[in-house]
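Scrolling down, you'll hit the structures one after another.
Shared chain: chain A. Partners: chain B in the first complex, chain C in the second.
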Partner chain A sequence: MHLMNFWLEPRYLGWLAHGFLITLILSACVSVCATLLGFGLAMARIAQHRAVATAAKLYVLVFRNSPLLVQLLFWYFGAAMLLPSAWMTWLNTPHVLSAGPFALHWPSFELFAGWLGLTCYSTAFIAEEFRAGIRGVGIAQYQASAALGMTRYATLRHVVLPQAVRIATPPLAGQYMNIVKNSSLTMAIGVAELSYASRQVDTESFRTFQAFGTATVLYVGTVALIETALVIWQHTGVRALQRGRA
Partner chain B sequence: MTALEWLPTLRYLLLGAFPNGPLGGAALTVVLSVVSALLSAVVGLAGGVALALTRGGAYVVLLGIVAFFRAIPVLMLIFWTFFLMPMLLHIDVPGLVAVVCALSLIGGAYLSHAVHAGIVSVGAGQQQAALSLGLTRWQALRHVVLPQAVRIMLPSFVNQWVSLVKDTSLAYIVGVPEFTFLANQVNSRLMIYPAQIFVFVGIVYLVLCSALQWIASRVLLRERAVHVTRIDAATEMETEASTVRDEQHGVAVR
Partner chain C sequence: MNLRVLGAVIAGSLFVMSAAAHADRLDDIKKAGVLRVAAFDSNPPFGFVDPKSNQIVGLDVDYARALATRLGVKLEIQPTNPANRIAFLKSGKVDLVFANFTITDDRKKEVDFSTPYFASGTQFIAKKGTLTSPQQLNGLRIGADKGTTNEQQVRAQFPSATIIAYDDTPFAFAALRTGNVQAITQDGPKLVALLAKVPDKANYEIPPFTISNDYEGVGVPKGETRLLNVVNDTLKDLEAKGTAGTIYDTWFGPKSAAPLPRLFRIGDPQKS
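Moving on, here comes the complex of A and B:
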């Protein structure tokens, strides 16, 4: 008992664990959605249709050059005004999705706004990474597939994208790290994630060092985990490539 | 509300209580950005040079410190500087100082990688040539390598400064009366125009960031006017960034 109290009481550790779980769930949801949407946006940016490409360019400009915090505050305070009140009532009433032994609790409006804001913000960055990957594929690849008589779609699907995704993976991992770090901003709109929990533990227990120390270690650990996954992917990727060539 | 009634609010958002009180609002955001940008450049240059000059154990320790500041969320570092610096140093740290410290450290950590990559990309040949002319290691770095490296690093600096302008909004968390804080204050007072207020705030940040990029692209354009006829600043930055990335992850790409 004495030993445990030396760092933080179990009650406070529980708060931090819950906050960490919210951070992980939020980051995972945002990463999946932003990757899908970002891929779509990158496709729109390289589209031959002028209007589509311009719209995508404008989206990236606006969402990349304004602070995430302002965007979150906009979705949290502003979306409530813009959405029809019936939707807001529906969003605010708890629904429970149950599948077998698992019951999914309806997310709070704060969490929903945080997810929306983070997704819109990260989509712009991820789209740019995909686009940079596509630009990284050499012009000769296009010419070669044109010489083989492939259509624009077939070229993109079978020649350019497989290489582009490979080039874009390291920077994409960097974006996923950013998503984990950026999820801390959602505390400003009241999402009970890790930073929020650490602040709460600090106020309640006056153990500032322990509260922020634990949260920092968890953040750094998560980012290090993504980095490790990237390094493992790179090594297996290179080995697979060499095996293919041999 | 008519346009005239909005004027005091607009003034408050842009300048805070300025002539009668401390500077705030968008003006404080600009001041905060400029101070943190300069400090982060100093930290970044020092860190990058240190990374380039150290070997072995010292290098690994330095790399670990840089990695730590790159892995920690800005918000968390602001907490550390705001709540822990007073406890450890037994001095009263104002929110403004805490935020500037946090932003310069994080910006500096990112920039030291850029500076290091820039120095490496100049190539060992330049360094060796300078050494063979009898220059000391420091002189070689100062007069031969760094002037060339700075040109390569400039786009990374601009990118970092743009994200720094955006990150000053985090000062809101510790109650510094900068732009986002005042916007939130005005929003809670009026209650009926949240979407309009935050769209306006977003546009002002957009203008600030775009202006910074535009100025930077003009400077780059002048620098390279000799051999490049037309430079799209954004693409220039991306290719530079991706070359740095390629160097770091060269194994995977090829």
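Moving on, here comes the complex of A and C:
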């Protein structure tokens, strides 16, 4: 018997590959968006404007203190209830935006809700990592900048943030790993990602070990890749940053 | 010539003797005046204990009673669970099984089955008027329960349909209500039970078609040909006289708690 057939039939490997692709796309989109939003949220939390800082604090409180699964179910089932039915029809029909040979497919509502839920959740955590990085910069740095006559914005931009980002990077990498693993929860709202695909392969092929084994290896591999990227960045990126800017 | 006649006589008498040696169950039933039937006691509406009368009632029981009436004997119900059905028949504890007994090739090795008197299959719930024929399924988003045969059947028969699998049927129904899927799939009787509990059930319907079929028949002890024939003839006659339809309507008719269109009549050709 062919080795691949002994493990899983090509059809099932195809399902797993497709699921893995969805996991990667979802995780990448969430990571990018949550990083941008998280940075903004961290800025809002240290803002001098009281109302802005309080609103940011409230956001973190809500999204960090409730389970991700409940949040996903809320976006998919709850928020969908509030939208007009015409919107839901539009969101659930396939749309294609084509430009020459490239066609951009509007994602399924499941993927959209999964992306929204994961982004809102991860933003709170990433914002807190940024804030921790900013707080990790010594008070003397602020005082020295003030002594040099730098404005608050210039201090932040040229003195505090370069150091804060460096401090925050290892925990941020941890958050990206969490995003990859948390994306598996979106199977509850029908996102056909890796965990969903492995469960489907299990019920159709009855090869439980192979199905979940393959999924586990792919998850571990992805997280290991993020870890490797962190190590490489710490060895090259930090030095380049120090030479170039600081 | 003589030898051949003798052979025929011997063969014939052997046949008669063997028939006599095997006490015929149909004669036993008539002699005892009692038909012993195994039925479910907790599977509404097929067989369950009626809280008012404390008696086992249901669709299966009604068919069994109609048969007993035709035979002119009393009906005696033996409560059973799915696992005991074959054992009850083989040990001779009951004469027949009327317990939503799906006909399968494996079971046919152990017991005989009558012609089917009930059929269930993979069906759908959709918003009223949106789903009328199976061909439409190819263009729809369909909610299913993870790991069910329903999900696999839809995927195999309608490759262009988008299937979203949820953890259980209530989740799938929630997705239908919010408009994330246009139809959900499960076994017909289960969909009926689900729909019966929904507050806005007037907005939904179960379109009158199935994409797969399970057939339920009466379990008869192996080799009791005369009894099997009587059961088959009686079932066909119940259909011809309209009694079968009346019994169905009692439990699944438009005025019942769980209306399910009657897609299969006794004697209809079986679809796979």
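Some notes on this structure:
As a convention for this text, the second predicted complex is superposed on the first by the 234 of 246 C-alpha atoms of A that agree within 3 Å, B and C clash if a C-alpha of one lies under 4 Å from a C-alpha of the other, contacts with A are read in each partner's own complex, and residues count from 1 in each chain.
One rule holds in what follows: contacts are C-beta pairs under 8 Å (C-beta built on N, C-alpha and C of every residue); 3 or more make two chains touch, one makes a residue touch a chain.
In this text the structure is predicted, and so the values were computed from the model without any measurement.
In the superposition on chain A, contact is made by A:110 with chain C only, not with chain B. Contacts of A:92 after superposition: chain C is touched, whereas chain B is not reached. After overlaying the two complexes on the shared chain, residue contacts for A:77 are found with chain B and with chain C alike. Once chain A of one complex is fitted onto chain A of the other, the partner contacts of A:203 are limited to chain C, with no touch recorded for chain B.
Contacts of A:224 after superposition on the shared chain: chain B is touched, whereas chain C is not.
When the two complexes are overlaid on their common chain A, residue A:188 makes contact with chain B and with chain C alike.
Shared-chain residue A:68: touches chain B; no touch with chain C. In the superposed model, B is the one of chain B and chain C that contacts more residues of chain A.
Across the superposed pair, chain B and chain C both touch chain A at residues 77, 80-81, 188, 199, 202.
Across the interface of their complex, chain C is touched by residues 76-77, 80-81, 85, 88-89, 92, 108-110, 188, 190, 196, 199-200, 202-204 of chain A.
Note for the complex: chain B touches chain A at residues 68, 71-76, 79-80, 83-84, 87, 162, 166-170, 172-173, 180, 183-184, 187, 194-195, 198-199, 201-203, 205-206, 209-210, 238-239, 241-242, 245, 248-249, 251-253. Across the complex, chain A is touched by residues 141, 143, 146-147, 152, 162, 164-167, 171, 174-175, 177-181 of chain C.
The part of chain A that touches chain B in the complex is made up of residues 61-62, 65-71, 73-74, 77-82, 128, 132, 135-136, 166-167, 169-171, 177, 180-182, 184-185, 187-188, 195, 198-199, 202, 208-209, 212, 215-216, 219-220, 223-224, 233-234, 237-238.
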